[in-house]
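The chains carry the letters A, B and C, assigned in the order they are written, with residues numbered from 1 in each.
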C-alpha cells in the first residue's frame, strides 16, 4: 500500500485588535496611575472588570467608572502542573504554578490571575491577597506579576 | 412560504475603525436596528449572528458580542459565514415556530488582519493552498476567464449590520417572501468560473417560494454583492441571462457592496433593499456570496 | 411547531489521528453511514447543516472544502460554530430548518480533526486584551471552577473518578469510542498525572479525530422512512457572559443549563427528570462537570450528585443511565461532540445503539456545553 503523506502548513497571521474607549481608559489608569478601574451597571449596580460596552444581564450601557483595589479575596484556586502555553510569551509556563479567581475589593466579577504560592496546603477559598506589580508598567494586565497572601498570613480569612 | 416581516434595520458606516472594538461596533448596529424597529432588546426572542473566527482573530468569535446582541441567558445561533445566510436561517427558525422576533447581526473588521493571508486558508490544504491562492488571486483567474482585467483588491472596510425579523408586524413593513442558498464546487479547476450554478440554484429556490415565474419581469430591482468590480456583471448575467445583460443589469443598483466588509456584505444588501422598498413598492432581490470566487451564494426576495 | 424526527445517525470510528483520510473523507464516512441508517440516498437530502471549530485545524470557511463530503454541492449548506456547543447548536439549527416546512430532509454533520492542527493555539485565541494575559487553558479554567464546586458541595476525588470510570467502561461497549481502557479503576484515575488540582489526566476528555451525522425528516417522511423515529420534543439554547470572572461560581450554579433544562422539561411536561427520562447523553468535558450537571439538570437535589454516582443511579443498569456511549470523556472531536450526543440519544430511542443500548427508551436527553458556560438542551422521544 502507498505510504500516507502529510502536507504541512505554518500559519503566521497577525491581528490588530481595537480597544475602544473603555479599555483604553482602563489601561491608561493602570499604566500611568497604578489604579484599577471597573464599570458599574446603572441597573443592577454590578461592578465589571474587564470594562465593556453593556452589562449582559441588564442590556444596559455602562459609563460609571469605579475604582477597584489591587487587593482582594480568593474565590477559586488551582495549582497547574502541566505546561500550558503562556499567551504573552508563546512558550509553556514553568510548572507548578498557582492560579486563582480573585474578587478585587470593590468589584463584583473575579479576575483570573497567578498566585505567588504554589503549595495547595497554603491556599484556601476566602483568603486575602494583594497584587504584586512589575516595576516598569507597560500597560497590560501582566503588569501585575501575581497575587500574594496579605501580611504573610495565608489563613487570614476575609472579614 | 409565510412572509417574514422585516421590522427594523441598522448598520454602522464601513470606514476602517482601527480603534473601535468589535463589541462596540456591533453594539452601534444593534442599537440602530432596535431604534429603527421601535423595539427594545426584551422584545427579541433569539439571535442569529454571523462572523468568521480567522478574520476576528478569536476562537468562537461570537463570544465577544454575547452581551451586545443580548444573548445572555437567551438563544443565539452563530453562522460562520455571510450575514445574508444568517438572515435566511433566522427566517427559517421563525417559520419553524421556534421564535417570534429574531435579531440577525453580522460583523467584520477587515482592517484587523491580512485578508490575502487569511483567504489562502480557505483553499483546501492539499492541492490549492500550496499554490498560494487567495481571494484576490482566485478572482483574477475568474476575471481572466471573462476576458476582463485583473480586479482591484477590496478596500479595507470595518462594520456591522443588523436586521430584525418577525412573523407578524403591526405595521406594513417590507417582507421576506423567498430565499435560497447553495454551495458550489470547491476546486477552481472543477468549476466553470464564467458561471455560478450555486447562484442559479439559490435564485431558483427563492423564486419558487416567492411564486416568481419570470424574474426579468417580476423583480423590480437588485442589490448584488460585488466584492470585486467584475462580479456585478457576472452575477447579473447568471440571474437574468447573458443575452439581455444590458437591460437587466440596469435593474442592479448603483450602490456597490465594494467597501462593505466580508460577511457583512450580504446583510448590507438586504438592508439596502429594505430601505428602498420603504419608499417605493416592488419586489427586490438581495444577494450575498462568500468563499473563493463566490463559492457560497444566497438570494433573498423582499416585497413591499 | 411541525413535528420532526431523527431517522438516522452515523459516526466514524473516533481515534487520536485519522491519517488515512482528509477532513472531507472523514465527513463523507459519517454521512454515508447516516444515509444507510436512514435508508435514503444523498439525493433525498434537501439541506445540510455543518459544525466544526475551524481554528483547531487552522482553516477558514472549511465547509468550502469539506462540504463535498456531506454531499453539499448545489445544496443549501449552513455552518454553525459556537465552541463546544457547535454540534448541539447545529442539531438545533437543523431541527429548525426541517420544522420550517421548507425542507423535508435535513442532514447535520459535525467533525473535528484535532490531529491536523494546534488545538492549544486555537484555544488560546481568546480575548486578546484580557484572557491572553494568563496561561490558564481549558484544564486550568475547569480546575478553578471545580475548586468552588468541591468547596460548596463536598464531592470527593473518588466520586469524580467514579464518573471517569463509568464513562470508560461504557466506552468499552461502544466500538466508535476513542478511548478504550481495559481494566480502568478509580485507583488508576487517582494515580494518573495531576494536570491542575484536583483534575487528573483521566478526569479529562481526550482530543479526537472524528465525525458524526444526524438525519432529520419532517413528520410524513419520518413515519414512512423509519419504524421508530426519535421525535424532537424540545430544543433550547442559552448563552452567558463572555468572561469566566463574570460567572458566579459557574459549575455550582450553571444557570444556562439549569434554565435550558427547566424550559425543555416544561415543554415536554417532565416534572421528575430522574424518573421520567430513560437515558441521557450529556456533554461532560471533565468528570467533575458531570456531577455538577446532574444538579443543574434536576437529576438530584443540590449537593446530592456524589450520592447519585455512589449509588450507581447513572450507571448502565441504574435508574437513569448517563452517557452509555462513554461520553465526551471517552471521545471528543469538538465540532462533532455535540452531534454525537444527539445521535446517541436518538439511537437509544430508535433502539439502534448496539451493545450500549438501554432497554425500553422512550424519552432521551442530549445536552451541549461550550465556551465558559453555554448550554444546549434537546429532548427526543418515541411516539
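Keep this in mind: contacts are C-beta pairs under 8 Å (C-beta built on N, C-alpha and C of every residue); 3 or more make two chains touch, one makes a residue touch a chain.
What you see is a predicted model; the values in this text were computed from it and never measured.
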Centrality ranking, top chain (CA atoms only): C
Pair joined by more contacting C-beta pairs (A-B or A-C): A-C
Computed distance of Cα centres, chain C from chain A, in Å: 30
Averaged-CA centre spacing for the pair chain B and chain A, given as whole angstrom: 37
Junction residues of chain B - those touching two or more other chains: 54, 57, 66-67, 71-73, 118, 121, 125-126
Residues of chain C touching at least two other chains: 58, 126-128, 240-242
Multi-chain contact sites of chain A, meaning residues that touch two or more partners: 9, 11, 15, 17, 19, 23, 56-57
Residues of chain A touching chain B in the complex: 7, 9, 11-20, 22-24, 52-57, 59
Residues of chain B touching chain A in the complex: 17-24, 27, 41-42, 54, 57, 66-68, 70-73, 109, 111-114, 117-118, 121, 125-126, 129-130
Complex contacts: residues of chain A adjacent to chain C: 4, 6, 9, 11, 15, 17, 19, 23, 48-50, 56-57, 75-82, 84-88, 92-93, 99-101, 109-114, 120, 125, 140-142
Chain C residues touching chain B - in the complex, by the definition given at the top: 1-2, 22, 24, 53-55, 58-61, 63-65, 67-68, 72-83, 89, 92-93, 95-102, 122-123, 125-128, 235-242, 255-256, 259, 370-371
Contact footprint of chain C on chain B as seen in their complex: 1, 46, 52-55, 57-60, 62-64, 66-67, 71-81, 85, 88-89, 92-93, 95-98, 118-119, 121-126, 180-186, 197-198, 201-202, 205, 209, 290-292, 295-296
